[in-house]
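Two complexes follow with chain A in common, the first pairing it with chain B and the second with chain C.
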Partner chain A sequence: MPKFFSQEWIGEYVKAINESEDYEKAAKGWEGDFLFVVEPDEEGEPLYAYIDLYHGKARKGFVVKDPSQINAAFEFRGKLSNWKKLLKGEIDPIKGLITGKFKLKGSMAMVMRYAKAAKVLVDLTKKVETEW
Partner chain B sequence: MLISNFGGGKLFAYANKILRINLNGEIKEIELNENLAKYFIGGSGLAAYYLYKMKIYDFEAFSAKNVVAMFNGPLTGTKAPSTSRLEFCAKSPLTEIWGESNVGGKMAAFLKFAGWDGVIIEGQSDKPVYIYINENGAEIRSANGIWGKGCYEAQKAIEKEIKERRLSTAVIGQAGENLVRYACIQVDNSRHAGRTGIGAVLGAKKIKGIAVSYDTKHEIEIADSSKFEEEIKALNERIKDNFTCNMLKELGTAGYVESAEMFGDLPVKYFTQGTFDKASEISGSKMAQTFLKTNDGCFGCSIKCGRVVEIDGKIIHGPEYETIASFGSLQLIDDLRSLIEINYLLNDYGMDSISSGVVIAYAMWLSERNIHDFGIKWGDVEGVKKFIRDIAFKKGDGAILAEGVRRVGKKFKDENAAHVKGLEIPMHDPRAFSSLAIAYAAHNRGACHLPHQMYNVEMGLKIKEYGIISKDRFSSESKGIITARMQNYAEIFNCATMCVFVPIKPTQMANLLKFATGFNFDVNKIYTIGERIYNLKRMFNVRCGIKAGDDVLPKIVLQPLKGGSEENVPDLELQKKEYYKERRWSEEGIPTREKLEELEIAWTLESS
Partner chain C sequence: MWWFSSPKIIFGEDSLEFLEKFDGKALIVTDENLLKAKVVEKVTEKLNEYDVFDKVEIDPSFEVVKKAVEHAKRYKPDFIVGVGGGSSLDVAKGVRLVYDNPDVVLEEVTPWTELKVKTELILIPTASGSGSEASNAIVLTKRDENRKIASINPAIMADYAIVDPEMVKSLPSKVAAFTGLDALSHAIDAYVSAWKNDFTDGICIQACKLLFKYLHRAYKNRKDEKAVEKVHNAATLAGLAIGSSQAGLSHTIGHSLSIFHIPHGFACGIALPYTIQYYSKFAKEYYDELAYHLGFQDVNELVVKIKDLIRSLDTPTNFKELLKDYNITEKQFLDNLDTLVYNASMDNTIVTLLEIPSEDDIRKLFIYAYEGKDVDF
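Entry: the complex of A and B
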């Protein structure tokens, strides 16, 4: 079982995205790469992952060691405990943003417009068995 | 509580004075009583107290005996953000119960700067007039030459006549003049006291507008200004960092359209369809990428959720979420440009966009079912524009629709009129967020999403201080309890007065009020005040004949739908039981004597 935000996990997740018709439909016009950030709940270092999403597909995805090397159009960050809730379906990305559990950098217009695509992206994480 | 008269002494944060205007020319100044300020704070709390005492519940909404109150609050005009909010209150001609509508712009602040906490308007004029208020009092002026004009021109005409730099105007359009039951009041060209038809009450009184200016600014004294400012600093930081505030600034309230559709919260095709695949064609995101020029907002607000758009070289105000949904998805109109044009017409004629959107969608629905042929079909933009005009001037079938959905439903013996107590259902769906069922059914002004905003609670907003937490947006369990609590707390926004979009915590709200007024407020005390005001308004409605049987939802919003609401239907009966129990109301929906005594408003039981 791949560990959350490991290279193996990201690889399987990218595969799940690219196999999803729902995502392809919901994110038909989407253009924008993401830096996802998992902040530790207490001590420790943050985890980073980069995924390039384009017209309903993920063009590439990898674990990031040095975020200063990445210049993504969007950044979505939150605490590990909130990521767990998100992946368990207890909150969805828009609710997470509205309630301040996640922070977003990048075009608000794009993200709000693709609210459904964001939800599908989260739903797809369920296809990846995850070790926390 | 001993409140024997309207008199009082000098108070922090308040202007200490209320203006009482009778349209027969009698104008009085009354001092604000300290007890009243402590017990009802301001805004719709104080207005409810005065209007109850004046027994306006006994009279017809269009009669000379109805009274219009407009109140700001103790935070208005201070440095506290987004507090230029004015509460217009009266008996509603649409619902024939308690009516209130909250509006932004500059007027609330300017009224305070002119030295007034509120204005009470009585009587009826036989000729068109407008009221001009400044620090010296009020003047009733002729509105000849202004009567008959749309809101935009009327505002310009009044501005031209008064020629004051620091001026704020509120006007009605032709809809208000012609007593369309959901006529609104337009403030400062862009903001609207939309709900419950108080624009029509002004129309019945022959008041075309109200103008407020000040020359020397009334100095607002703050009880503890350093603590007050500290609290404001913390709140401003919170606003700066808040996702929803940033979303409102960038995209306006219509930034929520796509998310609403995803949750099943966006009403579609007169509440009968669960999805709308054109949502992103009419959203705030789309507006930002097309017609948007800039954003603007109410006096002293950094969020600035207002939209300023350009269309054919003309700069006008753009529609917000409720208008986009009630004329867009609800009527299957998917063209943003048309919605901007429709919004302009509604503003100019002065009609509440929720009520008019719902009533026109109902006409489409009735026509489709051959119940009555209004000659209008889904998505018919030109037909909609024509109906807006016909409603404003009560021409042809427009005269039927001008009465609101409840009366339309009655006329055609149809049970699918989307309203509660006569107020049209707004653009949030109880099937998406279950607690909206009881929130609408038992709301004091009928189906309304404000100020409680239970959809936020269903999306994860927690107010732990009052145990307001929802774990599951579809479940009905405990929703009666949390809704009652949220409604109590939310009353404070309309008293303070502060915009409901401010992400303030109860402790911050209590502290702001405490440091501003010097009154010993805390989290529990402000909650009790909110509960007191909520029950006072309920007692007003009880006097109007409201009982448990009126706390219901129409069946049109209780049919399961595919889409984001996942065929959920809220259990209103369960919620209602919990709600009455939490409120300690009888099975008939009447607050018990014990409850009223606890809230120190048992005097509402005295025979009138």
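Entry: the complex of A and C
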């Protein structure tokens, strides 16, 4: 079982995205790469992952050591405990953003247009068995 | 963590008198017909100083909000008063938001965009359906894409909603029918939303009770003051419910059908029995519970009662007959089916469903609702 935000986990997640017909349809016009950030709840360093999403597919995904080297169109960040709740379905992704548990940077017009794709992306994380 | 928010609601006979407490310049946002029909006069006679923007159209666009904001910048109102159906109220909300946040691009407002408002906003519905006076949503049309976009944000909520039955006395029966069905769709959708909660469930039940009891009466006789007032209150209650729990699948379908420019309430209301039958595979427990509170046996009887109510409003129970009434042929429906399915699958209401239907299921839903067939998939 891959550890959350390990290269193996990202690989499994990218595979799940690329196998999803629902995502392909919902995001068929989407062009925008993401930097995902997991902030520690207490001490420690943040974790970073990059996924390039393009026209309903994930073109690549990898763990990022130095986020300053990444210039992604979107950034989605939150604390580890909130990520856990998100992946377990205990936090609705949009409610999570509204209530400040997660922060999103990037073109909001694009995100609003692809709200369904965003939800499918979160749902797909449940397909990846995760060690915390 | 979640929240329930509400404007201060002034309701019942003479509630328009509440306007007399406001000093300063008011900008009225409304449409030409209400102005000509002297419905707006009932509001302006309570105000000291005012100006009127009356260019709100049916299915208002982002552009009309821009025009109204320019009007507001010239007039510099102390407060804004939306008078009308959902269209005027949504435009008034948009005007206040952009007037107070000049740098904001309305199309890019998300539920989590941080916005502040200082100009007081008062909304006065002249129809009993949209619930816009009590919700934190704005629905505007993007003309170049021919689709409606819903923007939701806490700062969109009005400060006051004046729900005075006097304002709906002259509402034509047909409008009362489709706006009432819109309210029913709000209340039922919100009861089965993924965001449903303890603070809206009771409101949904009460709104449904009032609509099942009084909508037919208010439709048949606009002089039935009790029925008219109860339906007016029900619409605001249902608006409160969707503010916290959101609309659902009947609106996913209804928004999409707006490409044919049919009344929104008819589109959502007629979709309702079919969306309930389909969505029961995810939410049967909730529908059964709602049916119980309304005195019905189960979800099946709920669907039957909704169809009975729709018929009692001299309204068809399928899209084929509805579209025919608006001169939309079967060929036009079928030619646009791909667009209908695509728009529905991209509608923002879909993300607060317990489960997102596949495009194939959405396509079938349109066809079944068009033919008037019970959903069996």
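Quick notes on this one:
One rule holds in what follows: the second predicted complex is superposed on the first by the 132 of 132 C-alpha atoms of A that agree within 3 Å, B and C clash if a C-alpha of one lies under 4 Å from a C-alpha of the other, contacts with A are read in each partner's own complex, and residues count from 1 in each chain.
As a working rule, contacts are C-beta pairs under 8 Å (C-beta built on N, C-alpha and C of every residue); 3 or more make two chains touch, one makes a residue touch a chain.
What you are looking at is a predicted structure, and each value in this text was computed from that prediction instead of being measured.
Per the definitions stated earlier, placing chain B and chain C onto a shared chain A by superposition produces a clash between them. By the touch criterion defined above, A:Leu35 lies against neither chain B nor chain C after alignment on the C-alpha atoms of chain A. When both complexes are overlaid on chain A, the residue A:Lys25 reaches chain C alone and has no touch with chain B. In the superposed model, A:Val14 lies in contact with neither chain B nor chain C. By the document's definition of touching, neither partner reaches A:Leu86: not chain B, not chain C. Clashing C-alpha atoms with chain C appear in a single stretch of chain B, chosen from 5-13, 23-31 or 311-319: 311-319. Counting contacts by the rule stated earlier, residues 94-95, 97-101, 104, 108-109, 112-116, 119 of chain A appear in both its interface with chain B and its interface with chain C. Interface residues of chain A, counted against chain C in their complex, comprise 22, 25-26, 92, 94-95, 97-101, 104, 107-109, 111-116, 118-120.
For chain B in complex with chain A, the touching residues are 241-244, 246-247, 250-251, 255-256, 258-259, 261-262, 280, 283-286, 288-289, 456, 459-462. Those residues of chain A lying in contact with chain B across their complex are 91, 94-101, 103-104, 108-110, 112-116, 119. Against chain A, the residues of chain C that register as touching in their complex are 1-2, 105, 107-113, 149, 151, 194-195, 345-346, 348, 350-352, 356, 358-359.
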